[in-house]
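Right after this note come the structures.
Next, two complexes with subunit A in common: one pairs it with subunit B, the other with subunit C.
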Partner chain A sequence: MTSHSHDHDHDDHDDHDHHHDNHFSEMQARVKALETVLTQKGLIDPAAIDAIVDTYETKIGPRNGAHVVAKAWSDPDFADWLGRDATAAIASLGYTGRQGEHMRAVFNTPETHNLVVCTLCSCYPWAVLGLPPVWYKAPPYRSRAVIDPRGVLEEFGVTLPDAKKIRVWDSTAELRYIVIPERPAGTEDLGQEALADLVTRDSMIGTGLAITAGGTR
Partner chain B sequence: MNAHEPSLTASPGLPKSNEGDPVFAEPWQAEAFAMTVRLHEKGVFSWSEWAEALSHELYKPGRRADASDYFDCWVAALSRLVTELSITSQDNLDQLTRSWQRAAEATPHGRPILLENDPER
Partner chain C sequence: MNGAQDLGGQHGMGPVAPEKDEPYFHAEWEKRALGLTLSCGAFGAWTIDESRHARESLPPATYLSASYYEIWTRALETLLKRHGFVSAAELAAGQMLEKGREPKRILTADMVPGVLAKGGPCDRPVSAGPVFAAGDRVHTKNFNPETHTRLPRYARAKTGIVEAVQGSFVFPDDNAHGKGENPQWVYTVVFDGGEIWGEGADPSLTVSIDAWESYLERA
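What follows is the complex of A and B.
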């Protein structure tokens, strides 16, 4: 293992301030190398690969994130902790990314809707949300989400009142976001497990809302 | 599809969900899996060639006790197969790997990581 930063010291400098946001692990880079060669040889088509990937779940998967949201809805102390230190609060449920990335939870309110975007690298909280959907990795989503978030949301079937503000959060390799959607009305009697079923992956990215009680996606 | 051949989901040791689907701990694992599925579908290698290459890597000494390196083995097996089939050389794969790492480091946040971004290319 080599370090690219051993020639300058860190002292009291915040290590998360640096601008090397993008980094490929050895395995990520190896897979990209294989993909490059196989594409050049005409043996695979990256779009077909994405389509295959999209059909599979991950071990961790979006259910972990749904658990986090359901707990935040039903336990005010946990919600408070999640707001102050999402990394620790989420880790307390046993969900940690192996790359040691930090998490921040952004809460939807009646006034504000949150939307998460990312570069095309690995900036996705897969420890809680599983594999990133294909559209999330596509250049148009990222650029348009920043320029015209309301338009992007409408394409996802989410129409927000004009008065509602939209905040767009740009993930980095070190800091990843999870949206805590608003708890749907009429769910006061539901337990955590039933609540978790209302939380979709898209609602935690911000391109969707939680399923309303008894409703569908 | 090669109906007469087992699917890649029958690969030895593949972690699976209760529903029998493969499960991945990180996105690159799913990409490696999907590439292998595609190559097998195209007949680039047979099921038995794949199973042999994978087993060879899985039974190497020094594996992690918790098997969290399963997909490291998978990628090693795939790399071996494509070099044995003369699709590329190990040297070329190693160089491309370094190149992608340099490209990632050189790409500012908010831009797609492209191989062209490697300053040494």
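What follows is the complex of A and C.
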């Protein structure tokens, strides 16, 4: 698509919003002002913004991570590689780049459940999970995950047995973590695509579990 | 800095409130905020560490009541002004008023796939080997710098075990303030819940951080 048609799409879109809202909220106005100034100064290409948004709306999301998990469940050699060098193993499936430069995979086991947080900002493995959900970046999750993970998990409908250990990974550096949930029982006959359908975004953050075969999330 | 961003262990923030089938964006301006933040980051005028410091330097009341895209937007305004790309008057007017600084690079649509696929690796070689090894007992530093740091308050002056040597990376405490990348070894350090939270801690809990070498001393 040419830059011109991108511009055109974008202008149409703003008009569309305007008609529906009849006002711009403070943040809408603030961001609009910023984009206008930067565009007038030739510092940004509005079509680049469209391309970035399109990438994270349609190309990079938690299906990437589900593919990684399903392959790890099906292929012990891949799981082993993922444990030793997650960045390379994940790159072999085509998932690389921004906020996935230095990946680590952490495996749930019958003994230990893993949970990932960034208490200091919003670090998240974009390359495999896409953009983080609002709650991941907000104070309640960031404050409580490290001190009351069981209470947090209850709010996601997950109750862990008392005997299960919980390991919380605070993403304080540039390593980005993906949780490999336990493979549900009764899935021995499923192929990788069907397995990937059992892998939710939350199960790869640690705030959920994989869907049991035939179950719902 | 001991800012509003350092949230680990704070109380009173309310329920997590996960949203079922949450959309990627809740308003059109959030899309533009994402794209603007990444586009301006591509200028190469500041580092990710300086960006993080600009975000955590927002007034605490603003930080805690803002959505993350608002935090990004407000910090981006700060960075653009600080580095001479836009003026406060221009942001207030919503119009270009003067010529500003020229960036090293302007992100155009054709560059987006390549730039996103490349990312911004921040591992860097260091000449000395790692001081600590997996299994070592370490004590984290007690300090309260007003400047950027990635050692959260809850993990200061605590004893833990090095679980892994993760490689050597840009040191954000320096890099955020234009003092150079000064890479150091980074270690995953694991703490018992009781070491961090004391009385009443969940006995099944361990918490790890990724700590730069200068945050640690041998215990």
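A few comments on the model shown:
Quick note on the criterion: the second predicted complex is superposed on the first by the 151 of 217 C-alpha atoms of A that agree within 3 Å, B and C clash if a C-alpha of one lies under 4 Å from a C-alpha of the other, contacts with A are read in each partner's own complex, and residues count from 1 in each chain.
Everything that follows uses one rule, which is that a contact is a pair of C-beta atoms (placed from the backbone, for glycine too) under 8 Å apart; a residue touches a chain by one contact, two chains touch by 3 or more.
Since we're looking at a predicted model, the values are computed, not measured.
Contacts of A:Arg144 after superposition: subunit C is touched, whereas subunit B is not reached.
Contacts of A:Asp170 after superposition on the shared chain: both subunit B and subunit C are touched. Of the two partner chains, neither subunit B nor subunit C is touched by A:Arg84. Looking at the superposed arrangement, the partner reaching more residues of subunit A, out of subunit B and subunit C, is C. With both structures placed on the common chain, the touch criterion links A:Asp162 to subunit C but leaves subunit B unconnected.
By the touch criterion defined above, A:Tyr124 reaches subunit B but does not reach subunit C. Comparing the two complexes, residues 25, 27-38, 41, 43-44, 48-50, 52-53, 56-57, 60, 98, 119-122, 131, 139, 142, 170, 172 of subunit A contact subunit B in one case and subunit C in the other.
Those residues of subunit A lying in contact with subunit C across their complex are 1, 3, 6, 13-14, 17, 25, 27-38, 40-45, 47-53, 55-57, 60-61, 96-102, 104, 117, 119-122, 127, 130-131, 133-135, 137-150, 152, 155-156, 162-175, 202, 207.
Only residues 4, 19-38, 41, 43-44, 48-50, 52-53, 56-60, 98, 119-122, 124, 126, 131-132, 139, 142, 170, 172 of subunit A touch subunit B when the two sit together in their complex. On the subunit B side of its complex with subunit A, the touching residues are 15, 17, 21-28, 30-35, 37-39, 42, 44, 71-72, 75, 78-79, 82, 87-88, 92-94, 96-101, 104-105, 107-113, 115. Within the complex formed with subunit A, the residues of subunit C that make contact are 5-11, 13-19, 22, 24-29, 31-36, 38-40, 43, 52, 55-56, 64, 67-70, 73, 76-77, 80, 85-86, 90-91, 93-96, 99-100, 103, 106-109, 111-113, 115-123, 150-152, 154-155, 166-167, 169-170, 186, 188, 190, 196-197, 202, 204-212.
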